[in-house]
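Presented sequentially are two complexes of chain A, the first with chain B as partner and the second with chain C.
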Partner chain A sequence: MSLIEVQTSEIVKRQIGYKWRAYTGVFTSLVVIQLLGLLFSLNGTGQMGSGRTGYDVKITYFTADIIVGFTIFWGFLTAFLLTTKAYREDDFAFVTNRKTSTLSTIAFLFMICVIGALTALLSSFALKLLAYVILPGEEMLLIQGMGDVGTWLQGIFATILIVFMFSSLGYLAGMIIQLNKMLVIVLPVVVVGLMILLSRGGFQVEEYFFQFIFEENQAWLFTLKTIAVTTIFYALAVLVSNRLEVKR
Partner chain B sequence: MIVEAFLPIFLLLAVIIGLILLINKSSRFSFGRGRAGLWMLIGYSCLLVVSAVVFLALPIGNTDLQGKESERKEEQTSQAFYDAVLQGKINEMEKWLIHEWSFPFNEEQLILQVGANDVNSINIFVEHTDGLTDTIEASYYQTPLMIDGFEVEEKYTPAVHMDMTTLTIYPGETKDLKYKMFGSEFPFRMFNREEGTMWMDSIVSHWNGSALYIRVPEGLEVFADQSNYTEVDPS
Partner chain C sequence: MKAIKCKDVNKQFYRKRALNDLSFSVDENKIVGVIGRNGAGKTTLLKILAGLLKEKSGVIEVFGRRPFNNLFVSANTIYIDDAMNFPTALTLKEILEEARRFYHHWDHELALRLFHFFEFEPKQRHNELSKGKESTFNMIVGLASRSPLTIFDEPTTGMDAAVRKDFYRALLKDYLAHPRTILLSTHHLEEMEDLLEEVLVIHEGALSLHISMDELKEYGVGLTGKKDAVDSFLKEKEMLWKKEQTFDTCYAVIKNDLTGDDYQRLKESGVQVSPVKANDLCIYLTESQNGKGSVDDVFDRSADV
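Then we have the complex of A and B:
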């Protein structure tokens, strides 16, 4: 029995440091997926054709929406894979318990989600610069107003929250699958099957979910909703992970 | 054809597999592990910051989407234009004049032949006037085409030909205009949904008025499909 009292916050801090140094593969995957998104975006995020008397107007729209979308998916997948046994057992190199391990993983996920969101938004400039310099043929350039500092900060904050929310979903899905490997097949089948069944009954869950989150135009309500959803998902993941401990 | 249809799915699968290989700790694929991953992120971030600085330093002025406000002005212009055309107020229409044609003509009948135009028809107006003898005048007027509040400088003109007693009007060469538009990402647009902030909203103005105004001598008989033109009587 040790007489040294170890503080939970201290352990969590150390574990975050360890994860930061050890899980650098997530950064490689982030760079790769954002570069891929950049490549796909060069074709334009959207196009609009319009005909007027004597004119055929074609406008190609460039935004980093695809890159942000890819980053959201990266957040989901990274969180999902961090629940695998190989990652979870790393924590036992330290003095740890399930609580500190989960807390440090969530904190680490938040840190990488912030990085992912910021780089995704910054890549928007790289995309526009490439489109401006490389892509030929267009006579005129139109730039949609970037908005003021407040809009910028809101946008950055919203991107971080969205990526983090999807990481919580990935973390929950990963934890559920850790209960039994068969769930890798069963879980998607059950989720998709339920969604199809409910949509036949006139209740489209995915549509309601996306409306609930993405059609919210009040920043404070959006923040509240995403934080609530993220907390619920992480709380459920913790509950599932506790069950995992009993099984082990 | 089949490969093309499945290409997005293959690409997505490749991305997912690649990501799993990169992140999954138990995979033997070791690209970008250790400090290499961190350096890759640092290098990438530096590149992004540099591109942001360069882009913001480029001499491209930011323009807010003019949207509905501009659309309202153009609607008013278009209404004023058609009022002037229908009342035959040529003086008021001068500012929108694009091209003029004049044909010597001393026959008693004029056949007006309008070429097929599948999408946007040319609005043709015919005025009988005492001011002309042995001449037919055609003028093409158009209010500026506005894109995102900017006036398009390239001007379109229909093709107008006179052959014996037939005045033929064809749509002419369509102007192909291509533009790039740099917008903000969806998280920025979420809390800013007032009119005109969504890029699809009225970037290309719906209100550009156009008219081919033909003046013929008084008493000249015009033969044409009634649906192809509008008779104007300034008096």
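Then we have the complex of A and C:
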């Protein structure tokens, strides 16, 4: 038998295809979680009311906020799950090393995050339609404030970045926990404990983090920040995963 | 070129030592059996060779490169065991398709023919298979991959006798048509005697013997006779194993380097000489050294009292 030299890029490509076909379960969970989000959103994501003698005005906003929130959570959880032993061993059923395995997983995560973000934003239309059909009475559906195509595209772009960023966080957390079972308990305790401690000292990490990411008005700065955070998390995850053996 | 080279390889799991200064090398295109008791370190060794585990110290080379985390070794090696993990979302047919994309030497024709011969359903899933069926399927993947280094770690777990026989035949036929290096760990040495070319006997993480199968078959001889007669003979020879029997007789296994003169002497002192089967020999060679005796002693406690 002649020996075969393979390129990293070739194997990564094959691994992405393999994961795309093998991990169809992630799409099932995406559908379920977005339907759930849709259900919760039917109550409206924001309300405003005013009344004068003779008439009442009640405005209910139907936006995809909850669905997007759920999708972010799904991105985190899916990335977390992909680091578990069963999934990592699936990788090693065929040709791979750690580099190709991690690279293909990250690429796969990016692909599903794009899909998740797209369906999440598109579901806002489904929500409005559903609300109009289901809600009783003489409501009027005002299709306003949806913005033009440019804004919408910006929204999609931002959602993709955020979902992908949270998936990197999930991936890192998952990898750290894979190092030692005890870390399942230790890691959350340390992280949450530190946050509480710091907030007592007047430094609120989570607030600072959310300010850093979500209150950024400049689109390019926002892009830069999320990509930087994502890269850092994934790089740390790669460092951790290089210490892991497969198949104990 | 050597397919596998190991020098002073050590591996430790927490406090337990799995491999202990293991050194050997295997030529290309050989079928080698890895024999040893449960927990002797066979699986650990094979996993290190496949690049799944990292050695603690020592030099290990597969086709001239260190296997751990190596894409080249991974592309040219396949590791098959009874705990193969395939994605549950894929059907058996799809798993074969995936394997085809990854392994350059993959023979899809062969895979499908074996698939039908062993009566698999294309729509079945790997986790729904019975133990023996699972092993059979893994074996198909291992054979069809035609990897230059093919590692089977106890491939026959759960297979019935008929399937085992088919497996040995399929392996031999495919090997003859497409020679490659094959490592097999097994507890069924007696069934594989005609298949294996070389044998690695591993005992407590160390290599205890690495010889060809033909040599192994003649490696030892058994002596049966009166205790005194056998004992006097054992003093000059290298004893491998000994068991006391009833009526003051004993059975001993020694290395087979008897001369004509020795035979004469044995005959005179009434000691019978018998061949030792390869399988039995391996059991004797891997007997625990700390003298815990046989399992009979566990039950025979009342005799001491």
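Keep in mind that, in the parts below, the second predicted complex is superposed on the first by the 229 of 248 C-alpha atoms of A that agree within 3 Å, B and C clash if a C-alpha of one lies under 4 Å from a C-alpha of the other, contacts with A are read in each partner's own complex, and residues count from 1 in each chain.
Following the convention adopted for this analysis, a residue touches a chain if its C-beta (ideal position, glycine included) is under 8 Å from a C-beta of that chain, and two chains touch if they have at least 3 such contacts.
Values in this document were obtained by computation on a predicted structure and should not be read as measured data.
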Residue contacts with chain A in the superposition, chain B compared against chain C: B
Partner chain in contact with A:Gly17 - chain B first, chain C second, else both or neither: second
Partner chain(s) touched by A:Gly25 [first = chain B, second = chain C, both, neither]: both
Chain B versus chain C as contact partner of A:Glu207, first or second or both or neither: neither
Which superposed partner A:Thr8 touches (first chain B, second chain C, both, neither): second
Partner chain in contact with A:Thr78 - chain B first, chain C second, else both or neither: first
Partner chain(s) touched by A:Ala86 [first = chain B, second = chain C, both, neither]: both
Touched partner set for A:Tyr55, first chain B, second chain C, both or neither: first
Shared chain A surface residues [contacts with chain B and with chain C]: 23-25, 86, 90
Residue ranges of chain C touching chain A (in the complex, touch as defined): 29, 47, 51-54, 63, 69-72, 74-76, 83-87, 89-90, 94, 98-99, 101-105, 146-148, 178-180
Residue ranges of chain A touching chain C (in the complex, touch as defined): 1-6, 8, 11, 14, 17-18, 21-25, 86, 89-90, 92-100, 242, 245-247
Complex interface listing, chain A residues touching chain B: 23-36, 45-46, 48, 50-65, 68, 70, 74, 77-78, 81, 84, 86-87, 90, 115, 119, 121-126, 128-129, 131-132, 135, 137-147, 151-152, 154-156, 158-159, 162, 214, 216-219, 222
Residues of chain B defined as touching chain A within the complex: 15-16, 18-20, 22-26, 31-38, 40-41, 44-45, 47-49, 51-52, 54-56, 58, 60-65, 119-123, 142, 145, 147-148, 150, 152, 156-158, 171-172, 174-188, 190-193, 199-200, 203-204, 208, 210
